[in-house]
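What follows is a structure written as structure tokens; I'll ask about it next.
Labels run A, B, C and D following the written order; every chain starts at residue 1.
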Amino acid sequence: MADKHYVLFEEQQKDRGINLDEVKEKLRTIKIETPSWGYGDSGTRFKVFQQEGVPRDPFEKIEDAAQVQKHTGISPGVAIHIPWDYVDDFTKLKAHAEQHGVHLGAVNPNLFQDDEYKFGSVTNSDPDIRRKATDHLLECVDIAKTVGSKELSLWFADGTNYPGQADIRKRKHWMYECLSEMYNALDEDMRMLIEYKFFEPAFYHTDLADWGMSYNMAQKLGPKAEVLVDTGHHPQGTNIEHIVAYLLDEKRLGGFHFNSRKYADDDLFAGSLNPYELFLTFYQIVSALYDEDAGVQKNAKSIAYMLDQCHNLEAKIPAMIRSITNVQTLYAKALLINLDEVQQAQEKQDVLAAEHAVRKAFEFDVTPLLRVVREEMGVPADPMAAYLESEYGEKILKRGKGGASW
Amino acid sequence: MADKHYVLFEEQQKDRGINLDEVKEKLRTIKIETPSWGYGDSGTRFKVFQQEGVPRDPFEKIEDAAQVQKHTGISPGVAIHIPWDYVDDFTKLKAHAEQHGVHLGAVNPNLFQDDEYKFGSVTNSDPDIRRKATDHLLECVDIAKTVGSKELSLWFADGTNYPGQADIRKRKHWMYECLSEMYNALDEDMRMLIEYKFFEPAFYHTDLADWGMSYNMAQKLGPKAEVLVDTGHHPQGTNIEHIVAYLLDEKRLGGFHFNSRKYADDDLFAGSLNPYELFLTFYQIVSALYDEDAGVQKNAKSIAYMLDQCHNLEAKIPAMIRSITNVQTLYAKALLINLDEVQQAQEKQDVLAAEHAVRKAFEFDVTPLLRVVREEMGVPADPMAAYLESEYGEKILKRGKGGASW
Amino acid sequence: MADKHYVLFEEQQKDRGINLDEVKEKLRTIKIETPSWGYGDSGTRFKVFQQEGVPRDPFEKIEDAAQVQKHTGISPGVAIHIPWDYVDDFTKLKAHAEQHGVHLGAVNPNLFQDDEYKFGSVTNSDPDIRRKATDHLLECVDIAKTVGSKELSLWFADGTNYPGQADIRKRKHWMYECLSEMYNALDEDMRMLIEYKFFEPAFYHTDLADWGMSYNMAQKLGPKAEVLVDTGHHPQGTNIEHIVAYLLDEKRLGGFHFNSRKYADDDLFAGSLNPYELFLTFYQIVSALYDEDAGVQKNAKSIAYMLDQCHNLEAKIPAMIRSITNVQTLYAKALLINLDEVQQAQEKQDVLAAEHAVRKAFEFDVTPLLRVVREEMGVPADPMAAYLESEYGEKILKRGKGGASW
Amino acid sequence: MADKHYVLFEEQQKDRGINLDEVKEKLRTIKIETPSWGYGDSGTRFKVFQQEGVPRDPFEKIEDAAQVQKHTGISPGVAIHIPWDYVDDFTKLKAHAEQHGVHLGAVNPNLFQDDEYKFGSVTNSDPDIRRKATDHLLECVDIAKTVGSKELSLWFADGTNYPGQADIRKRKHWMYECLSEMYNALDEDMRMLIEYKFFEPAFYHTDLADWGMSYNMAQKLGPKAEVLVDTGHHPQGTNIEHIVAYLLDEKRLGGFHFNSRKYADDDLFAGSLNPYELFLTFYQIVSALYDEDAGVQKNAKSIAYMLDQCHNLEAKIPAMIRSITNVQTLYAKALLINLDEVQQAQEKQDVLAAEHAVRKAFEFDVTPLLRVVREEMGVPADPMAAYLESEYGEKILKRGKGGASW
């Protein structure tokens, strides 16, 4: 049936002046990393519901991630979290990944689960704790070099719960000092992606609370520092695609942590709520991919796409597959926007026509397109169905309950 | 020094036509329960930082709570959470409380930490799980009868994370069925306080999401069911005091879970952020205490005041004392509002005068008043200082780390 | 081209077990009223940008609305606002509507633009002003009887800007008194739809601030009173579809005011932002249409669908057409949900399958279906294109600038 | 009575180690500009309720502003809005101000009320409109030079209502070009204060949506460009004092537009809602006033304090006086924070003690202090009472209704 649908789809898009070969090429080459910690148990402060079959160590996490890559073909990277994924020999972990058809991706330092970080890590008023935190950052740079990863994703839980608890401005300086040291340890082809978050776990102030604070820090540090946008880390109502366009224009958009939210940092699977917002984000990216400014184009091409979500209730591997295909679906739709048509309407200041030129692309059913793209890539046309039909989900149940968690 | 300050304060308030004796009487008789679980370790989904000296069992929790009562004199009740505070012999726990000068307060069933409640408790599509949940509710009614508590505080984590996950309307009916059974088990002088919450741990829909859903449930159940307002459970911007006034007018305001928040359900200690909001809440209550409608007055007098907060970073007992004194402070200020003055300005539709008649009461420093009230009650004039000077905080350190948590 | 697409679409849906005849029947029979005031000039507090061609009186507004009906076939009703649409002879206005193929719909009293309503209308502490407001409500009931309208849509701007400004509880009683009088004037087959709003123009408290307050008022008044949900009148993050499901279950969902928003009550055209939310709202409605409970079904069938939006920047008539087709599109998608499939997954508590059973319907491109439905109805397959090709938009320019506004 | 109270207050603060002379000096020297447009009629998009006695031209606005200065002594500047305050001869307006004991303050260009700005001013895709907008900015620079004002406050309504409506990145560049031209026209001792706003009147994207965008623009432009913080222009939950501390640390905090809000940009009078937030903002400023870094100190000393609020329901002049005294009150309280005590608790990471060291200052009643400060300044001890007792409010009624509005 896909054939008939695709034939019609192709005809339709050609009539619209869409270069489907280019669209398909882009869909084949996007890469979205999955997070090793997304395969382990997770929950809320109220309860972690353990699932059967959850991986028990970093090696099993990579095996699970390899299933996602096997079925989608666009998630070959696996982000790791240190110390959750700490192993004695990272070359072994790297080799394990490669044997399973994936590679180790962004390295994520963890500066929030040690008792000493109760009042901050790189912002702690105690210089010994800042030293320890910085050493951990440097250790992660080393691990990245060992495993061949070019990105370090930095999220800091640092903040305060009460007015007066700490000196906001001093903390800002301390963080800069620690990050400078880390920055200097990076190779020329490495980069640090600086994440920000509106709140949680800090409930009064968060040291890096918004894109502006991450961006300013990145600017001070230098060109190897960029901003990481987690789609769940903003105040309600924030126009995320505006921030994305802004950072692209400043050539400082490092990457994404995709996930969905309705309220706070709910970490639901990507694309499950408000898919139009994700489409509009990709619209800004696609528009930048074709920008006249080579620097903007270059930034758009180098975005590190990553998932960062929890599957508290749903099965882990299928949820990850759904996220990948959701992101792919919304990217495909954004690629169907006729940018010339949009621009012409914008020039005429015809609001309805300009809006519609964007919106109509969202309405297409891109399933036939994605099936064909996947077949061309040699992965299942329906990744989810193929995974569910495989015996992998059954096989891992023997791991039992009580696997890795964060 | 307190004397001179109080003399001036007294003079000032008498000039304003405030009946200080009545104010003092109200300040002496308000009772604010502390939650047993507020003495244990707590944290966020990212980390629970354990504290030294945390109570290891329900008996030690009560001892800690007794310290708060000893120093404040207005927190003689200790709310308990089942099964966190489950003991083989509740009469023993009750006696222990009484020996320490406190009593067991509201009984809080827990329907969110058993694996079976992953997809809901009283709203679960599986009738066996609903049965189990209802039995737990009934068990809690029994415990309440045993310990002599007249209130059951009901918070349900029930909800869904994704559109389509469950049938919203069916769940509504199932919840009603379970609660009806519980309602029928209550003695005539008992009541169930039905809490609502905007979100968390459910991230798509929460079965009791707002006051309207709790209120409607209470109405269907009957007069022994009332609404419990947790000050951290609303969307941003919600006018909580309006809801309080509304429920008082409907004679269905059961009680409060006090705590502070800036973002979501942050559970910071009461009064620490936006104290004016808490003052305005008490303004509505004070106004109801003097209402012409006897039913409204009666409701205002029967409000169950309770704290429900976490002390993730700060010491437990002092945080509880601060909360109690913060609530007391803001209640005291609200009692200094000259309601006649407010009413006269309202009748003239003089916005600035009416607003000012309320606001000016907030500006008074009520420290001298509270010192005198405490002295009259035989508790320390400065509860926090007195506690910190006591050796209790030191003494309990020998409990070590790893005490009770939720 | 539509043919080939529709053939494939039909085949696809039949394979899924969807009864397309029933879907089409529902799409033909839904009616969405447009608001007369949506054709006039509108703006923000900062500026009203006047458009050329805006209707100059109620008769011209109806002519414009008739264009929307002519091109969409599902918007035969035109809601009116009194006194904006006040005419000496309403039978003449009614006849005018009928001559243009439309009819007068919901009557909307206006209680916020007279100087006397500065401090409230039905909640004003001045009984004369309440009398005046009530008389206006009664006048609107009369107008509704005259023009044959069965619905009165009630939105009150009543509220306060400052704490203490007014007595919240008294205002609640005054409103009830006024609305009771209006309620008693309704014929048996008439109904009043009570709207609520989170804030604006009141900035401290709004007398009917949420669905719970409207619902409680409706309950007190009686069965002819129902709740009106304006999609822009909620706090950020509110799960609107939950409220819709809740009201359907209580058989008190009166109708909708559709529009889009990202921040507050932005009044953008329906479906332009977060279309998935509107789809999920229709999912709840479709589910109720097939409910076992006859009362729920009946409520779902009697929902009054209305638009209430401003077109500050875009052309009025085309914006209205876009809104109608957007609503139609999202309703069509919701009708493609296989409710059995959803239910089966829900019963298995298979979160991913249940979510997907809903979501997949959203992914279909329903353009071919809507083209066919429209052709069957005798309206243009592409309403917007047809309107733009007509000369109507050109013709009305001779009205010039400075037409009706609100 | 003030005496006795002040004697006790003085004793109390000296015991705490507070240097009251310094506090009083700071309270005498703070200056808070009032906005000329705050004396005219204002309202919401639903209705402007006209008041009697509203000034009919810029000269009368200045006379009204002079009343605020006369009674408070700390509001000698009057911000003007062009073209609302456009007069043929600005030297005459300047002289008029001086005759009334005030001076003209920040000049505010208006780029949102001309029909041509419907789709943007400095971001409009039409170069002629950008030219016109830039010319207006340059004209305002000239006016500022003429009247001797050193500040230009820039708020842009520029934004879009729908996705795709305009090219976000191009608009960013256009705005920079226009502002550069303006920047170059500034004298060395002048500065431009760049305001940002979350939303309204734009409902999809606002070109300067947050502090980060204003700050980045200021950085690109040069040292004469700084950020203007309007307290009503943030998403819900935003920690404004954090942004203030951040900008002070970057030495880019230009000034404030004070007002209160519960929901959106409600523009209620300053300090009327959440006074603690304003206190905490002043805490950050006071802390910066004593910073070791001379640049931070200098920034803290050069902050331009301004009101920007609407008085839709309340009388204009008294509302302005209340705002000034509210700001003064909260600044006074912040000056009572013992910064050494805070710092010592912070160094010990004693959360409760640090929080309390800040909070306790908020609890003092500073009325006696302010009475004394005012007496020393030769202004009424109770500015509001003095104004109300004056005949000014009565006198201006003869202006009638229908004065200036914005």
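List of remarks:
The rule we apply is simple: contacts are C-beta pairs under 8 Å (C-beta built on N, C-alpha and C of every residue); 3 or more make two chains touch, one makes a residue touch a chain.
Here the structure is a predicted model, which is why all the values come from computation and not from measurement.
Path length between chain A and chain C in the chain contact graph, taken as the least number of steps between touching chains: 1. Here A-B and B-D are compared, and the pair linked by more C-beta contacts is A-B.
The mean-CA centres of chain B and chain D are about 38 angstrom from one another, to the nearest whole unit.
Counting partner chains per residue, chain D shows two or more touched chains at residues 119, 161-163, 165, 198-199, 204, 236-237, 239, 262-263, 272-273, 313-314, 351, 355-356, 359.
The part of chain D that touches chain A in the complex is made up of residues 119, 125-126, 161-169, 172-173, 198-199, 204-205, 209-213, 215-216, 234-239, 241-242, 245-246, 248-250, 280, 283-284, 287-288, 291, 296, 342-343, 345-347, 349, 351, 354-359.
Considering their complex, residues 42-47, 49-50, 112-113, 115, 118-119, 157, 161-163, 165, 198-201, 203-204, 236, 261-264, 266, 268, 272-273, 312-314 of chain A touch chain B.
Only residues 1, 4-5, 8, 11-12, 236-237, 239, 262-263, 272-277, 313-315, 318-319, 322, 329, 351-352, 355-356, 359, 362-365, 367, 384 of chain D touch chain B when the two sit together in their complex.
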